[in-house]
Structures are given as C-alpha cells and as structure tokens.
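Shared between the two complexes below is chain A, which pairs with chain B and chain C, respectively.
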Partner chain A sequence: MPEWLRVILFIIFVLSFAGLNAAYLVWCERKGAGHIQRRIGPKEVGPFGLLQPLADGAKLMSKQLFLPKGVDPILFMVAPLMVMVPAIMSFCVIPFSETFVAREINLGLLMIFAFASVNVLGLLLGSWGSANKYALIAGARCVSQNVAYEIPMLITTITMVMVTNTMNLNEIVRSQAGWFIHWHIFRLDMSLLMPVSFLIFFVCSLAETNRAPFDMAEAESELIAGAYTEYPGMGFGVFFMGEYANIVIGCALTAILFLGGWQAPIPLNFGGFLGVLWGMSWFFLKLYALIFTVIWIRWTYPRTQFYELLNLSWKVLIPISLFNLILTALQIKIFPWL
Partner chain B sequence: MSGYFKELISGTKSLFIGLGITGKYFFEPVVTLQYPHEHLEMTPRYRGHIELIPNEETGEPKCIACGMCQKGCPSGCIEVKGEKREGVKGKVVTKYILNFTTCSLCGQCVESCKFGALRFSKEYNLASPRKEDFIFDLIEKLKEKS
Partner chain C sequence: MNGTLQQDVNQETFTLNLGPQHPATHGVLRVKLVMDGEYIVEAEPVLGYIHRMHEKMGENRTWAKFLPNCGRMDYLSALSYNHGYVAAVERAAKIEVPERAEYIRVITVELNRISSHLLWFGAFVLDLGGFTPLLYAFDDREFILDLLESVTGSRLTYCYFRFGGVYNDIDDAFIAGTREFIKKQRKRMPMYDALVTKNIILIKRLKEIGPISKDMARRYGATGPVARGSGINYDVRKHEPYSVYPELDFDIPVYEEGDSMARYMVRMDEIEQSMRIIEQALDKLPEGEIKPKKAVKMVKPEKGDYYHAVEAARGSFGVRLVSDGKNQAYRLKLRSPTYSNLSLYGEATKGMLLPDALALMGSLDLVIPEIDR
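Take a look at the complex of A and B:
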C-alpha cells in the first residue's frame, strides 16, 4: 500500500473512531448510569435509544455559536480545539494490533504524555477566556490537580519503562506475549508492587482526564459547569468529545502498559488479516472493559473535596509510586536474570 | 505511621465494597415505571372525577335523574336532565354534564345518591391546555368505556 494512502486511511479511521467513541460513550454512560440507579436510561430515540447521540449532536450543532460579552474571542474559540486535537493526535501511536498502528514511534509513550498535558492548557485558556469567575476557579483547580496527578503517573510510567526497557508502545505489548500471567499487572517477579502500580496509574488517568470522582473541571454542583460555563452549542460539544477521546487514550494506555494490549490471554497468534482482527478484538475488549470501569466508578463515588484530592496525590500516590520505583530498581539490579 | 497504612488499606477496601454494591445494582431489574407506555393502577380509595355506574344487565346507567347530586353539589358543577319513557320504571337520564374545572372532589354527589349510581373513577391522566376539555359528558364517557 502506498504511504499516502495509508496516511489518509489512518486519518479517516482515527477521526471516525474518536468521533464515534465520543458519541456512543455518552450513550453508554447514560445507559450505565441508568442501570446502576435501576432505571433504563435513554430508550425513546431509536431502538434502545441508539439514535440519541445523533439527536444530541444535531441539537448541539444547530445552536448559535454565541460569544458572551467580555470574552477573549480567540482564546474562547481555540480552547476546545486544544482539548480535542491533542487527544486525536495521540491515537496515531496507539497499537490497535501488532500491525495496525498509524506510526510506530520509538518514543510513543513520551509523545502521548507530551500531548496529554496540552489538554490542561486548553481547559485553562478556555476558562480564562470566558471572563467568568466560576470558569476561572475551575481552570485554576484543574491545573493544580493535573500538576499533582501527572507526577505519580509519570513515576509509574518510568517504572514501567525500566521494566520493559522501551518507550515504543508496540514493543511494550510484545514483551507481554504468551499466557496472561505474562501481562505486566501479574509480573510480581519484575516488581512486587505491580498491581499497586496498575491502580495508581488508573487512578491518575482518571484524574488526568478530569473524570469523576476527580471532575474538578466541571464540578456542576459547585461551579455551574466549571470551565464550560460560558460555552454554547458545539463549543461545549467539542470539549466533551475531547474529554471522551482522552478517556479512550487513558484506558488504552492502561491496557497497553499493564493488561497486554492486543495480546490474547492464551499463546495463540495468527498471521495476516486474521491476526489483525484477533489482536484488535482483544485490545478493544480490554479497552472497553476499562472504559466501563471508568463509567462504573463515576456512578459509584461522589466528587471528592478539592483538598482531599490533592492530599490523595501528595500524601498517598506520590510516596507509594516513589517507593515502587526504588523497589523495582532494586529488584532489577539484584535479580537481573528475572 | 501505622494509622496511615491502616487508613489507606481500609479506605481502598471500602472503595471496592462501594463498587461491588453498584455493580450488583447494575444487573438487577429496573424498578421504574415507563410512564407514558405503562400505567399504575390507582389505589381503591383514590378520588378521580365522578362517573356513572352502569346497570350490569343492560349496560345503561343506573341513574334515574332524580337530581339529588345536582342539588347536593356545593360548587354547582353537575347538570342532570332526564325524561320519562314508556315501559321503564322511573326516569331515564339523558344528559349528565360534569364541569370538572370547579369540582373539588368533595364527594357530596356520591354520598347523596340513593341509587348507588355514582362513584369516583380512577382516571388521572387529565392534562390539557384547554378549559373546554374538562367539561365532561358522563353518559358519553360511559359509552366509550363499554
């Protein structure tokens, strides 16, 4: 296949994947919320409410893009894009299966973290540009939250890089081949605290993507709609799509680092097209199981207080992840044959 | 220091217990009523607007148009008319209009009816933007029901 065709096909795939995910994760979220609260959730528009996202999208798109008085027009319009675009960019290094990767970059992991931090800048600019005090409070909270949670996340990532010796996402997945006990979450011989690092990484990815119980960016019970307060129609819609794309990225990274990415739990691999399908189905199974957990968590816990949220990071997650880093380093140094 | 770890472990445990509870609820059957598609049966003593009781054999109203309900109504919202027919004992009701906009559901009409021809209905889906929709012809309603 010529290179330009590959690029175009991947652009179409990534854009439609991000868009469809954003639309249908909202549907899953509402259905999940419904059933956890023993309701049904959306059911009127289309069978099982499946056309609801289209109706919501049409409604958001038909709204006027209204600029409130006193906003900074450039920042106000650019901010949603700064949340959406980096999330879509990150998809280009995610290995959906061994051969189904847009670009296999050696520093893929680093690239995702580099783009992930732009997301916060977008939120801050949006809240600053809105000229609204609630938005500004949400923006400030969001920044300190992201600064706090990026540290344990990166320390855990460094632990994983030490264990796997690579930042190439596909290489990380390849190193977990074989039975499911070879997935990193079960490799206690590499680091005794592996399940704990999985938990830390997952909690941090919740906080990084501003999901409940850490959704300080929105905090609708305290700050109206947080950073999104002044956004009409599709401005809000794009923020929302960016948020869901970020959730997908976070869960995909968790699946790749700890749950073996596209590896099947049994040592069985196929070549050619069947291999792509086999790998992709396992990857998507893990990805959507994690996303379901994210939704499940949102409808289980109340929003944490802001001080508690910072306490959790600085007093619990950072010390434990540092200890984990040292322990892993020792384990690798003392038992290098494992 | 031991308090720190104790709190950490018990806190993490409680979070998983919480997830267990919501996870269990996720698979349990829904308890809500899908209102416009499903209806709830009202309780026996519920007071809806009044309705005429039909004679079980003929299906015609039991009412003999004596007018006691009309006299007893404190709001004056009932209008009854009847006529004498050949071969029928008593009068036959020809018109029974209930103006539900002024009815307070006090039940004087039901109590004053000596022939057991009136009762409260269980009807509660009665929303309309027009006042005229609440002037009920109870004979019509009885025919619709049967």
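Take a look at the complex of A and C:
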C-alpha cells in the first residue's frame, strides 16, 4: 500500500472513529446511566434508541450559532476546535493492533501528552472568551486542576518509560506479550507498586478529562455548565465530542501502558488480516471496559469539592508517585536482570 | 450576565447573580453574591419572584375557600399546611374533631413528611453532583404518592382536610399499603446509608461545612431540621403538642454539630421516626366518624386573635388569624419555616467557597413558593 493512501485511509478511519465514538459513547452513557438508575434510557428513536445520537447531532447542527453580547468572537469560535483537534491528533499514534497504527513514532507517548496539554488551553480560552463569570470560574478551576493532575500522571508515565525503556506505544505493547501475567499491571518484578501506578494513572486520566467525580469544569449544579455555559448548538457539540475523544485517549493509554493493549490474555497470535481483527478486538474490549468504569463512577459518586481535589493530588498522588519512581529506579539499579 | 468582567477592579471583587434561574436554587430564588475569586464576601437572598399574595387572598374569601391555597405554598409537604390552617380555624371557631379524623390526619401528614424528606434527600445529593440517588428516592416517593392519591384524590397539592375532619375515610387497602411501604422503606434505608451517607466524598463535603451555631439559629428564628441540626431541641409536635401526637411515642433527633452533615442526619433520622409514628397510629386507629355529626356549614369564629402552629417538614408553620366575627378573615398571617431558615444564609455563608455555600443552601431544604407566599 502506498504511503499516501495509507495516510488518507487513516485520516478517514480516525475521524469517523472519533466522531462515532463521541456519538455512541453518549448513547452508552445515557443507557448505562438509565440502567444504573432503574430506568430504561433512550428507547424511542430507532431500535433501543440507537438512532438517538444522530437525532441529537441533527438538533445541535441545526441550531443557530449565536454569539452572545460581549464575547470575543475569535476565541469563542476557536476554543472548541482547540479541544477537539488535539484529541483527534493523538489517535494517530494509538496502536489498535500490531500493524493497525497510523504512525509508529518513537516518541508516541510524549506526543500524546503534548497534545493533551492543549486541551486545557482550549477550555481556558473558551471560558475567557465567553465573558461569563461562571465560565471564568470554571476556566480558572480547570487550569489548576490540570496542572495538579498532570504532574502525578507524568511521574507515573516516567516510571513506565523506565521499566519499558521506550516511548513507542507499540513497543510498550509488544513487551507485554505472552500470558496475561505479563501485562504491566501484574509485573511486580518490574516495579513493586505497579497496581498503585495503574490506579494513579487512571484517577489522573479521569481528572485530566474533567470526568466525575472531578468534573470541575462543568459542575452543573454550581456553575450551570461551567466553561460551556454560553456555547450554543454545535459549539457545545464540538466541546462535547472533544471531551469524549479525550476519555477514549485516556482509557486507551491506560490499556496500552498497563493492560497489554492489543495483546490477548493467552499467548495466541495470528498473522495477516485475522491478526488485525484479533488484536483490535482485545484492544477494544479493554478500552470499553475502562470506559464503562468511567461511566459507572460518574453515575455513582457525588462531585468532590475543589480543594479536596487539589489536596488529593498534591498531598497524596504526587508523593506516592514520586516514591514509586524512586523505588522503581532502585529496583532497576539493584536487580538489573529482572 | 453579559460583558463587563472588569467591574470593581480596585476592590478585586465581583458580583455574581445566582439565579433566579440556576440549577442549585430549585426554583426562582435569586442570591446576589459579592465574590472574591471563589470566596463569598457577601450573600443577599432576593425574594419575591413568585409572590402570589396568599395572605391577602385569605382576607377576601371565606374561611373554607382558602383551603385549596394551603396546598400551593409548600407543595412538598402540603398536608402539613392543610393541617396548620384547619387546626387554627378549628381553634378559633371551636369545632370538635372526631378522634379517628385526628389519627388519619397524623398518618397522612407523616407520610407526606417522609415523601418530602425523600425528595429533599435526592435533590440535595443532586446539588452535590450525585445524580443517581434522586431517582432511587423518587422510586420510593412514588409509593407514597400512590397511597395518598387513593385517599386524597391528588398527588401533590393536597386539599384533604376539612374543618372538623377529613374529606375521605381511609380503607383497608390504604392501611395494608402503608404497612407494606414501611416494611419496604426500612429495607431501603440501609442501602441509602451505604450508597450515600457513608460515601467518603459526601462526608468530606458535608462534615464541618456550613456551620450554623445555636445562637445564630435562635437569632434568625430557624426551626425544624435546621434548628435541630444546630442542637436546639425544638419540635412543635413535642413542645406545643397538638392533634394526637401526645399519645404517640417518638423521638426528636437532635445533632449538636450544626454543620450540613448534622442537618442531613436529622432528616434521615426523621424518616424513621415518622415511620414509627405511622405504625403506632395505625395500631391505635379508632373506629368512628371522620366528620362532626352536625356538618360544619358556615364558619364564623368569634371576634379575636388566634394562633396555631404545626411542625411541617421544614419547621414550624404557624397561622395567625384575626377574626372580626364575619365569614372571612380580617387578617391572615402565615409564618413559614423556610423564610426564617433562609434569612440566616447571608451571615452563615460569609467567607465560604461557592460549592460549600450551595451545599449549605441545599441543606436548608428550600421550597421557594413557601418563602414567597
């Protein structure tokens, strides 16, 4: 396959994957919430309400893109894109299976974190540009939350890079081949606190994507809709898609770093097209199990208070992840054969 | 809410309008906040958005015609309001109430109190960002609404009590249904305990947040769960007994802490106490009439000044009647509990963070139509 065709096919795949995921994760979320709350959820539009996302999309798109009085028009329009585009960009290094990856970049992990940091800038500009006090409070919260949670997340990632010796996501997955006990979460011989690392990483990815119980940017009972308060129609829709794309990226990274990515739990691999399907199905299984957990948490717990959220990061997660980093470094130095 | 973010540059504070349309105020309440960042410098509740002049209405219609208004003030515990008004008129016009009617009143009022507390529980956790308990609470509340619908004919704005009795007798199906509800609800409460009350996030958000001191509660005339959460042991049912409450054995839950958690715990405990009251009342329910033998046709209380208070779900609800001997009131003054409970909001929230202040507002259990009568 020529390189240009491959790139075009991947652009189409990634865009449709991100779009469909956003639309159908909303459906999953509403269905999941419904069943958690002893009701049915969407059921009228199409079988099992499966066409509901399309109806929602049509509604959002047909709404007027209204510019409220006093907003900064450029920032107001650009901000949703700054949340959406970096999230889609990150998909190009995610290995869906051993061969099904747009670009196997050696610094893939670094690239994802670089793009993930743009997300908060988009939210901040959007909330500043809306000239709304609630949005402004949400924007300020967003920044301090993202700064606080990026640190333990990155420290944990450094730990993972130390034990795997690579930043190439596909290499990280390849190093977890074999039975499921070779997945990093079970590799206590690599780092004693591996399950703790997993937990820290997962909690941080919840906070980074502004999901409950850390949904400070939205906080609907306090700040109305937080940073999205003034956004009409598709402006809000794009923010929303960006948020869901970020959830997918966060869960995909968790699956790749700790749960073996596209590796099956048994040492069985196929070549060719069957191998792609086999790898992809395991990857998606892990990915959606994690996403379900995210949804489950949201519909079970109340929201944390903001200073509790920061305390958790600065007083608990950062010290633990630093300790973990030092412990792992010592472990690598003292027992280099493991 | 448009434009000028830069107002008050020198003082570094800004004004934030919380409401009249805001998800946390549960109605058309507006709170004018002067904020320093996320800290509240000053909070001033602005009332009157849905004022409907209920007191004035009481002065220009006959005593009986005012009855339907009672269900439209506190729409969540409408029967307590029915009870307060009816009891005040009965005291003024010296109307005897058959014992069975009194028991039926107590049973229905307590059922209504449970449904009100359940709804509050759900809405309060919703204020804190937890969506699911609301629907669980609605599920339980539905059972009560069905029961009350079967005897009163309506589900929300009841107009069930009459001068000298009640409109409709309760039947065996209602009694069996009520007993079944209590059995079911006793099994549900441990689930709420595990899912919500013992949740670490909820405890961190409520413990030692929004303290209302005993002194502050007294100064503003707070009653009901708000006062009892601040260590004031005051419940009209016990301290100025009316109806058949003296014959029933129940406790008044009082917590000394005065924080949002204390008010939460008071209401959760009151659900159990109300169930105890209902059980005893059902056991003791006498046979007999539900209306006076000689029907009450034209009520004309003697000239005078009368007051009667009842314990509604949110605190003491008092009715003051001034009668000049005609068939309508000369003056009707309604004392609603949340009006007093809300007035301490400005003092209690000084220096508080916005989310904590909203948790405090939720714990006051506001029903706006009752504040703006």
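Here is the rule we go by: the second predicted complex is superposed on the first by the 338 of 338 C-alpha atoms of A that agree within 3 Å, B and C clash if a C-alpha of one lies under 4 Å from a C-alpha of the other, contacts with A are read in each partner's own complex, and residues count from 1 in each chain.
The criterion applied here is as follows: contacts are C-beta pairs under 8 Å (C-beta built on N, C-alpha and C of every residue); 3 or more make two chains touch, one makes a residue touch a chain.
Keep in mind the model is a prediction, meaning the values are calculated, not measured.
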Partner chain in contact with A:Trp299 - chain B first, chain C second, else both or neither: both
Chain B versus chain C as contact partner of A:Ser117, first or second or both or neither: neither
Which of chain B and chain C A:Ser16 touches, first, second, both or neither: neither
Touched partner set for A:Ser281, first chain B, second chain C, both or neither: neither
Touching partner for A:Val316 - first (chain B), second (chain C), both, neither: first
Contacts of A:Glu220 with chain B and chain C, given as first, second, both or neither: second
Chain A residues touched by each partner, larger count belonging to chain B or chain C: C
Which superposed partner A:Arg39 touches (first chain B, second chain C, both, neither): both
Residues of chain A that lie at the interface with chain B and also at the interface with chain C: 36-39, 299-301
Touch list for chain A against partner chain B, complex: 32, 34-40, 43, 199, 296-297, 299-301, 316
Of all residues in chain C, those that touch chain A in their complex: 1-5, 14, 16, 22-24, 37-38, 125-132, 135-136, 139, 195-196, 199, 201-202, 204-205, 353-356, 358
Complex interface listing, chain B residues touching chain A: 8, 12, 15, 18-19, 21-23, 25-32, 34
Residue numbers on chain A that touch chain C, as the complex places them: 33, 36-39, 68-70, 131-134, 136-137, 140-141, 212-213, 215, 219-222, 224, 299-308
